[in-house]
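Two complexes are shown next, each including chain A; its partner changes from chain B in the first to chain C in the second.
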Partner chain A sequence: MKSRMKFLSVIMLALVLVLSACGNGSAESDYPSKNVEIVAPATPGGGWDATARALQNVLDEEGLVEQNMNVVNKPGGGGEVGWQYLKGKDSHSLSINSSLVIANNLLGQSDLTYEDFTPLAVLATEWISVAVPSDSDIEDGVDMLERLKEDPKSLKIAVGPALGNNDHLSFVRVADEYGVDVSQLEFMIYESGGDVLTALLGGHVDVATLSISESLEQHLSGNLDIIATTADEPIPEDESIESWQDQGIDFTFPHWRGIMGPPDMTEEEIAYWDETFSEMVESEEWQKVLDNNGWQDYYMNSEETKAFLDEQNEMYEDLMKTAGLTE
Partner chain B sequence: MGVDWNSFLEGFTTAMSFQNLIFIIIGGLLGTVVGMLPGLGPATAVAVLIPITFGMDSTSALILLGAIYYGAMYGGSRSSILINTPGDGSAIAATFDGYPMTRKGQAGQALTLSTLASLVGGFVAIIGFVFLAKPLASFALQFGPAEYFFLLVFTLSAVVSLSKGNMIKGFVSMVLGLLITTIGVDSQSGVYRYTFDIPHLSEGIDFLVVIIGIYAVGEVLYNILLINNEDQRIKDDVGRSWITKEQWTRSFWPMVRQAPVGFLVGILPGAGGSIASMISYSTEQQLSKKSDEFGKGAPEGVAAPESSNNAAAVGAFIPLLTMGIPGSGTTAVILGALIMLGLQPGPMLFQDQPDVAWTFINSLFIGNIVLVIMNILLIGFLIKILKTPPHVLYPIILVLAFIGTYTLGYSIIDFFILVIFGIIGLFMKILNIPTAPLILAVIIGHQMEQNYRMASVSYDGLWAMITASPIAILFAVLTVASIFLPALFNRLSRVKVDNKG
Partner chain C sequence: MKRLLDVSLETKINGILIGVMSLIIISLSVFYLYHSGSEYYDNARRLTLQSAKTISFMPSLVDGDDLSDNEKIQTLTNQYIFENDIDFVIVKNKEGTIMSHPDPEMIGTHEPFSNDARANIFGAYYTEETDKYIEPAILAIAPIYAGDEAKQLSGVVKVGYFESKIIERIMVKLSQLSFIVVVFIILSFFISRWFGKYIKSETLGYEPKEITMILKNRENIFSALDEGIIGADLSGRIIYLNGAARKYLDIPESADWNACNIRNHLGHDMDSVLQDSAPGIRYFETQLNDKEIIVIINDLYIKGELSGHVVILRDMTEMSELSNKLTIVESLFDDLRAQSHEYKNRLHLISGLLEMEKYTAIREVLNDEIDNLDSYQNNLHGIREDRVKALLIAKMNTAQEKRVNFRVDEESRMEEISDKVTINALITIISNLIDNAFDAVAGRKSSEIEFYTGWFDGWLEIAVKDNGSGISDTDEVFRKGYSTKNDSPGRGYGLYNVNNNVELLGGYIDVHSREGRTIFTAEIPMAQERGEDDEDPYS
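Showing the complex of A and B:
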């Protein structure tokens, strides 16, 4: 009986070996061959976590990825902890990213650069708004810039949660282009976008720079006024909101979110995700995610993403210098 | 704003529907259990359980998350009272008199008292919510950097003044706590302080790790190393669980009057249960005729902070639902979940979706009653923990402490920090240094510093900051009073005694 079992198992083993040798011929259909892990480099509940879970949900529901997917939270250091983790994994781990993957390195907070990873896609963007209390006498974005040009310390500007983020940098950039002495600007840094909003509604600051999804509700109910946005298109909820472009300043600034893989992914693997994500962004489920979160579609495939990141890197390098954050 | 009674009643019926009632019960139970574990406070409980709301309709999801939240608020104090290990910042004050009651063999009564106090706190706060949500939300907006700064200074001074006759030790404890909060990125300048190139430290040390270290690990170390003596062990006799008439009369007014205090503090974004319960505890101690019994198992010392922190938990929903602004870590997590479900809390919520808002408010009300029943039934089961022999109980506490710590940051570095604070906690116990000032300083130190820095941009000098508004003046005066009044009262009462003699 025992010897028979042994014989059977040898046969089985041989069969497996032969089959897997055949399989090598068509490697692309094998990937992904095990569970796919989506790293959210943040605690549960935040924006990155929301993106990761939305992605997992939609890919799963639409049946775009056959394998199981799970979300892993690796918070800390503005993405640093999660991305360090990703760097040591194989191609079955992906991570959500944003411009911080570029900014952290430029600010000297991380040795990792965006070039250490395989760019897969940019998925969505938010636009950034400049808002004032509804009883403010600042008329529009240009009026505000004019005042700051005269006296950069005349307005207190709220931003959160940290200097060097997109809300901060986009403000610095537009002010700098207008000729404001940005090194003199008076920023107040709050813990979160919610705190920025509270400070503005309570009149403790004069101006706030924050994402539109955070300010829009209050704008629509008349508690504050959005005086400019970094968008390149009208805001569907209220088309009377003026972007910087509408006010004659040629300036747009996306606050994007994307996804990347560990270093050295093969072309087949990249092609797999290009196909998957391009299908996903067309789905209704994904559209619902965008709507719920106040995000706009900003899909770019891996090629485009690579070029986009190079371009972003150059822009941020420039921007950090202007903002006085780097030498 | 008038109350929209139609929507209110409709909300009540929806909340009472079978499905939602089940969600309230499940959420309350899950929250209670998770809240009892050291370090697993409401924020973690809600965050971990968010995925189960996927696919639910947004009203039920909101009800479930709300139930988990205040379930965790009820649960948080269970471990404070039974094993001197708070599950969360807002349950710390429950250790002050709750654990001494347990040592006196009154564990059951302490649990009953805390449950009833939570009910009173929640009840008063919900009434406040129904009638005053909108005006209070705009009141909270008046808190700018100067007002926050003095509120936080007052909270610290109130807690330091609790360490009666030993203010120096209390002060040392607080300074140590404030020093710990200097670790991490300084928000205003972006400078990295004491992070030693460890990315994990850039966000500072999580106060929950400090709490778990000092209380759970420190307590276990202390008991293992220093208590061999059987007499010092908690009495096996856990007493009756229903409270005496004296306990009730002593606790009733503190419960009732601290509920609005907690409610108001809870509405302020960023303040919340820890601050509310500390303020309530210290004011009750100052008001009490039997203030020397505080810290030794006074029933009102359990009732006051428990009523207050539950009221604060309800209050925290006001900025969330009326303005879309999360006032605490937990409500921030809930906001994230609601947005994913397609519900946008904010100024438009009561206009566009009054049914959702009022159903939720009613579910808070029903949930509180359900939780009281559930918690009273659980008491008999919970006090069995005390009968667990130490060689079984302590390893369990340690394991839970490490698990709780891991869920906070998913990082091994936190384990080292946990052990360090366990040892600090051990020495503080041996040297009889109060731990509450340290913990509170760790919870609010960063906020206090940042608000001071922002206030110093807005105002020229300290005097201008104090006179910024009546609110700032009020808290500045209360701060001074909390330091000098106890000393003054002491002197006065001594004079009286002398005269008699």
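Showing the complex of A and C:
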């Protein structure tokens, strides 16, 4: 009996050694060993889809990934469908993500949390703007907040496509911090960013919160005024646009996009992507992509991303639990 | 702890069995209860959240861009409560005015947003536990949207499910479970009682401590015995062995007796004894390590079936030595008695002659007596071994009493013998041979016995010659129980003993019977003495 146990343990040990040796070897030299799949959890044409395809192009053209890469669209549930799909895949599938991976769970839209995945990188961000029609008598951001503080129902605010997205959250947050009774704010919810713009230009609403990439063109052509942004730097196209910081409110809010992998990726696989993405964000091709989409470089490697997500999660949780309860 | 363990075996078994069984049953129940409890909570959460969503999406809940009027909402919610397993529904508009409430008085009052703000501001769907309404309940909160083209948050709906209902269901489960638990514990009680009794019956009612004590005592008693005791199974494998047996069989302390087979030590004799004789107590004599051992074999029965043998080894060496000494002392005593009788006769004779004043005759008698004494001395001159000498003198006296002419050959030689075993054996041989000769010549006229002992080249020769009745069957004489006089039991051991002792010393014995003369001749090697003599033949 005793000798049998000894024998077994020797076999086990040998097995472990062989297996671990195999694991090391394959991860270092072979990964990725087959086609890489990039999941865009949205329909073709949206922001996530654009990010995924830009990523595919740059990595391919720069020759950073030797294996073929495919973009797979899995629309639905504000990312939920794509991310559920990713959860069951191996480390050759990656997915584009954004703050929704945190917010969906807090809003009761999803059982998934960001901790169910392996964060790989934050790639880019865009900033969020608050815009008013050009003929509006609202002078700037602070003026708007003052009015809302006096009467939260005095202004109709357009947002899309759903409450709880970054456009909405950033507005609530800044208003909440300024002392506005955010529970009484009149948000009009439109199907898409385009509809928000139309409603603003058509005078159906007084204020709209939307990303700069969506509002900048109309701002430059003079159809509307951007009265505040969540940026921490000047907007290159029009440096006169004031951020909340410029108006004396210490508030920034990135609308970031990143990329993550399925749960339980090995350290070697994570290191591979760290190297790949850090090279990619240095490339000129990627700069062009950023410029074309009005995105800012916001690169963080896997470790920084993990910390960033923890921090964001705390912020969202804090925001949703305390907003409207300050009085 | 030690005092706790110091209870009877039955109590211990009962305690352990009941304890373990109860522990398993109770922990399983607790686990099951906890599991179903959290399942009830999960179900309640799912149910309330689903209900809240369903209600919030009801088209008739909203009227254009705003909520419908109170009455309509109340009808709607009451119907929903009726149709579903939920306890209450609260509808609040965006301002915080209650549109529908289980307590009609609350309708129309204002309730500031607190925990429900997350739904009201961010459009979140979630559940929480609260005791804000009526009694502790699970509360699901969902936002209500109004408007077609541009949707607008216009209120929240809250659906409650009383925790007391969950607790009630858990309680029902608990009572079912406790019934089962009690039944099983009672069952385990009986099982452990039965088991305890069973164990106790297996140990014949002894506590383990007592059994240990008995075993220890048995071991001590057995090891204190001089007799060897061996337990063996039918194949001869030794299952028990005491210290004395170990010594007799020459099995070292370190050896594992289970590997020993008794047949290796007592082989043939034992087999033949076992085959030949009827079951019961059997015995035979053998020699182990130069010792004369009587082996007694008892059958060992377990549940009426023969399962082995108990072998007792009894060392007869000392006993036979003792009996030899006793024989010599006895015969000396007899001889003394004979001598004193003889002297008394002589004294009577002298006294008679004195009476008749025949002094010359007296002198003749005395001279005769003195000659007699001298002849003893002369004939025994060559015998240096005092004990043999004493024996011979005693036998001479007996012979005189029995009117037998007993003569010791003048050429007789015997050196001193230091070895006890040898001398005892020799005395047995000589004494028995002479006694045998006395028996043979008994009742004859002019009976003669001649004794001779010689010492040649390391061999001791003993010869006893008589003119007695003779022996017809020279092979049979040494058999145990053989006797020419079959009239009394307990006879016939003399020559058998002689033969045994001769074999013990490694010699042999011969008997010739011809023309009324019988000679017993024993040849015995005197290894020790020869060794000393021949140690250095050239010196």
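Convention: the second predicted complex is superposed on the first by the 294 of 327 C-alpha atoms of A that agree within 3 Å, B and C clash if a C-alpha of one lies under 4 Å from a C-alpha of the other, contacts with A are read in each partner's own complex, and residues count from 1 in each chain.
The rule we apply is simple: a residue touches a chain if its C-beta (ideal position, glycine included) is under 8 Å from a C-beta of that chain, and two chains touch if they have at least 3 such contacts.
Every value quoted in this text rests on a predicted model; they were computed, and no experiment measured them.
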Looking at A:183 after the superposition, I want to know if it touches chain B, chain C, both of them or none. Which is it: first, second, both, neither? second
Pick one for A:320: touches chain B only (first), chain C only (second), both, or neither. second
Is A:199 contacted by the first partner chain B, the second partner chain C, both or neither? both
Under the stated touch criterion, name the partner, chain B or chain C, that contacts more residues in chain A. B
In the overlaid three-chain picture, which partner chain does A:172 touch, first (chain B) or second (chain C), both, or neither? second
Classify the contacts of A:65 with the two partner chains as first (chain B alone), second (chain C alone), both, or neither. neither
Going by the contact rule set out at the top, does A:106 touch chain B (first), chain C (second), both, or neither? second
Using the touch definition from the top, say if A:218 reaches chain B (first), chain C (second), both or neither. first
Which partner chains sit in contact with A:280 here, chain B, chain C, both or neither? Use first/second/both/neither. neither
First (chain B), second (chain C), both or neither touched by A:75: first
Taking the contacts chain A makes with chain B in one complex and with chain C in the other, which residues are shared? 107, 109, 162-164, 186, 188-190, 195, 199, 204, 325
Residues of chain A touching chain B in the complex: 43-46, 49-50, 53-54, 57, 73-78, 80-81, 84, 107, 109-110, 156, 161-164, 186, 188-192, 194-195, 197-199, 201-204, 217-218, 220-221, 223, 288-289, 291-293, 325
Residue ranges of chain B in contact with chain A within the complex: 43, 46-48, 50-51, 54, 140-145, 185, 187-190, 192, 199-200, 202-203, 269-270, 319, 323-327, 332-333, 335-337, 339-342, 344, 346-348, 409-411, 447, 450, 454, 457-458
Residue ranges of chain C in contact with chain A within the complex: 49, 94-96, 113-114, 117-118, 120-126, 143, 145, 147, 149-153
Note: in the complex, chain A contacts chain C through residues 106-109, 158, 162-164, 168-169, 172, 182-190, 195, 199, 204-205, 320-321, 323-325
